[in-house]
Amino acid sequence: MTQETPAALKTDQMFINFGPQHPSTHGVLRIALTVEGEVVIKGDPDVGFLHRGMEKLFEARTYPQALVLTDRLDYTSAMHNNLAYCLAVERLAGIQVPPRAQYIRVLVAELNRIASHLVFFGTFGVDMGAFTPFLYAFREREMILDLFEMLCGGRLLYSYLRIGGVSADLPAGWTEKCREFVNFFKPMLGDYDTLLSGNPIFQSRTKGVGFISAEKAVAWGLSGPALRGSGVNYDVRKADPYCVYDKLNFTVPLGTNGDCFDRYYCRMREMGQSAEIVLQCLDALSGAEPTPGEVIAKGVPKMFKPAAAQAYSHVEASRGDLGFFAVSDGGLNPYRMHVRGPSFINVAILQEILVGCKIADVVAILGSLDIVLGEVDR
Amino acid sequence: MTAEEILTKMQASFPGLVKAEVPVKEYPTWTVPAESVHAVFERLRSKFAFDYLDVVTAIDWSGPVDPKGYQQTPAVPPAARPAVPATAKDIFELVYIVTSLSTGLRLCVRCELPRKEGASIPSLYNLYHAADWQEREVYDMFGIHFEGHPNLKRILTQEGIQGWPLRKDYAHVPDKFD
Amino acid sequence: MGIVLDNLSKIENLPGGGIALATSDSLINWARTSSVWPLTFGLACCAIEMMAAYASRFDFERMGVFPRPTPRQADVMFVAGTVAKKMADPIIRIYKQMPEPKFVIAMGGCANCGGPFYDSYSVVKGVDKIIPVDVYLPGCPPRPEALMYAVIKLQEKMKKMTVKGGHGATPLQAAGSRKLV
């Protein structure tokens, strides 16, 4: 009988294709994992499985037509995409948006942030083996979608924001329904904590997993809750205020450890802040000022040609710093439109933080970054 | 310190660094020669705390776009394509937007490259890891090479694609999926 | 029992029990139509609406539609979203892994014909270019109710299937038209 050497016990490396069809990749991301036993020694994200050539298509559409494409970038928070695009084009053409439209924009953007974070909450729970939160999250989400349906008829992709304002004023009875929803929703955050955040199994799967230091987060250009979970206080709404965010009162939740749980919990607390912003906007919209009905800038023609210029504008979308870089050559179509998708930049850090983690934690880390493949691949 | 003051200080060591003629609206915009891009960003990062790279992208200035969109078939002869306007230049322009998280300053830095196959520019990967995938995307879309990038491969487009999609002269060859 | 009785050709009442008679076709089709298991497979925007259909308000499971994460246990594939050219090969491979009989619902404009990306250089102009499709569902994105309607239409199709030849192939397969590219 031969003596067993440690070398003989060594496990071989194994190559695993994680995705593109996998229920936990939230779309069609592929990660090429090299594992040794349970430990990942190399993780190489491969994207492009949803590449739709969006930036080329912008060049083939007129400015109002291109708005429809922006919905389909980050499809769980379409309002933010509309908003970032409209802000960029308005800056390009020097259009002033009426104050009422600005409040409505902030209102719908924050409602959409809640809806988007609810999708994250539900799917992250499913990733971690808890199915019930999914049903609760989607119950509340459907209420927000009902509100959006009253506004513009769309459930998921809205194109409600237009260049120069919004497509229509709030319909009769909408503010009451919205207030009713927010009052119903705020206590629900406590329920979510009981359901998932406080669950010991969930905590042991997310705390201390997928650690990202503040320096690393900044170097990799993370944004949104993925950055703030590491304790970096950077929120476009505060750092570079747009619309009426400088008139509103809210705080930016920060994490301390930079692990999966902190990123998750940042989003949960952000929902509470968004609900507060929604209430403030509803209060501001209920009076005679800003004038009801004035929701779109006058004199924006349907076929409009901004003078040759360049503009960059960014917003704090649900997943982070979403920017549009617009170049006009004086023609009907944008000469060049670049989208800075926060998910695209957030997902790049996977190649560094996956190394050394257990294979079961890959799902937790990926889920906590909360990427949307429509925005990664564009 | 304002962006103007930073520019004055930087110009002492980088004479090629000037204010751009056409700025990005509401952003201090500078242009810089391609060979000093890396050194400029190294200085910005170490001396002026520009630690957050927002955007890396490029523009192909060889225009124009066909008003109906880009050419669908390669069969269109060059003579039938729309005339090149006077504004068209035979250059690529790289656009970088950086932010300083501590001072809140934002900057746009632009850099012109001659428009030819194998155009290249130094990579910023060792300064900002955020440049990793954004530079790969620019390479994928424009075919601009980044010297010193650790993993410069095509990132988004499908295997076997010919050409660089965001170049203005890209002609899509219909395949079995069209 | 209502569904079962619809599928029975005869019930014989005998002392101490009874015998229910049905053709094997109607019995098998009854079983198939009431457990349409789709693949958990989302591509783009439509996948969010598909998730909403599985969730609390719409509760797809009451129709026997219960998502399976592996293609080997799935009966139907909802192609929910834009099919990029890079994704075409994985989709064909997933489709080949599904056991017969298998069905495809092309959900949304992109899966039908390319949708808003009809002129893109990197989008497959309709998933029927790569795999056969049973039900086309328009919309951008279709509502969850529309997805349910598509499943009902698929069930109607399933009810017309025969097991003649012992392989349960759909008429199209029997005719040899389900060749993959």
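We call the chains A, B and C, going by the order they appear; numbering starts again at 1 in every chain.
Here is the rule we go by: a contact is a pair of C-beta atoms (placed from the backbone, for glycine too) under 8 Å apart; a residue touches a chain by one contact, two chains touch by 3 or more.
Values in this document were obtained by computation on a predicted structure and should not be read as measured data.
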item	value
Pair of chains joined by more contacts [C-beta pairs], B-C or A-B	A-B
Farthest chain (mean CA position) relative to subunit A	C
Interchain centroid distance [CA atoms averaged], subunit A/subunit C, Å	31
Distance between chain centroids, defined by C-alpha means - subunit A, subunit B (Å)	25
Separation of subunit B from subunit C, taking each centre as the mean of its C-alpha atoms, in whole Å	46
In subunit A, residues with contacts to at least two other chains	48, 51, 53, 56, 60, 377
Touching two or more other chains - residues of subunit C	84, 86, 119, 121-123
For subunit B, residues that touch 2 or more chains besides their own	69, 156-158, 165, 170
Residue ranges of subunit C in contact with subunit B within the complex	84-86, 88, 119, 121-125, 129-130, 181
In the complex with subunit A, residue positions of subunit B that touch it	22-27, 51-55, 57, 59-60, 63-65, 67-70, 87, 95, 97, 101, 104, 106, 108, 128-130, 132-134, 137, 141, 155-158, 165-166, 170
Subunit C partner contacts - residues on subunit A that touch it in the complex	20-23, 26-28, 48-54, 56-57, 60, 68-69, 71-72, 75-76, 119, 122-123, 134-139, 141-142, 145, 155-157, 373-374, 377
Residues of subunit B touching subunit C in the complex	69, 72, 156-159, 161, 165, 170, 172, 175-178
Subunit A contact footprint on subunit C (complex, rising order)	39-45, 47-49, 51-52, 55-57, 69, 71, 81-82, 84, 86-87, 90, 94, 116-117, 119-123, 140-141, 143
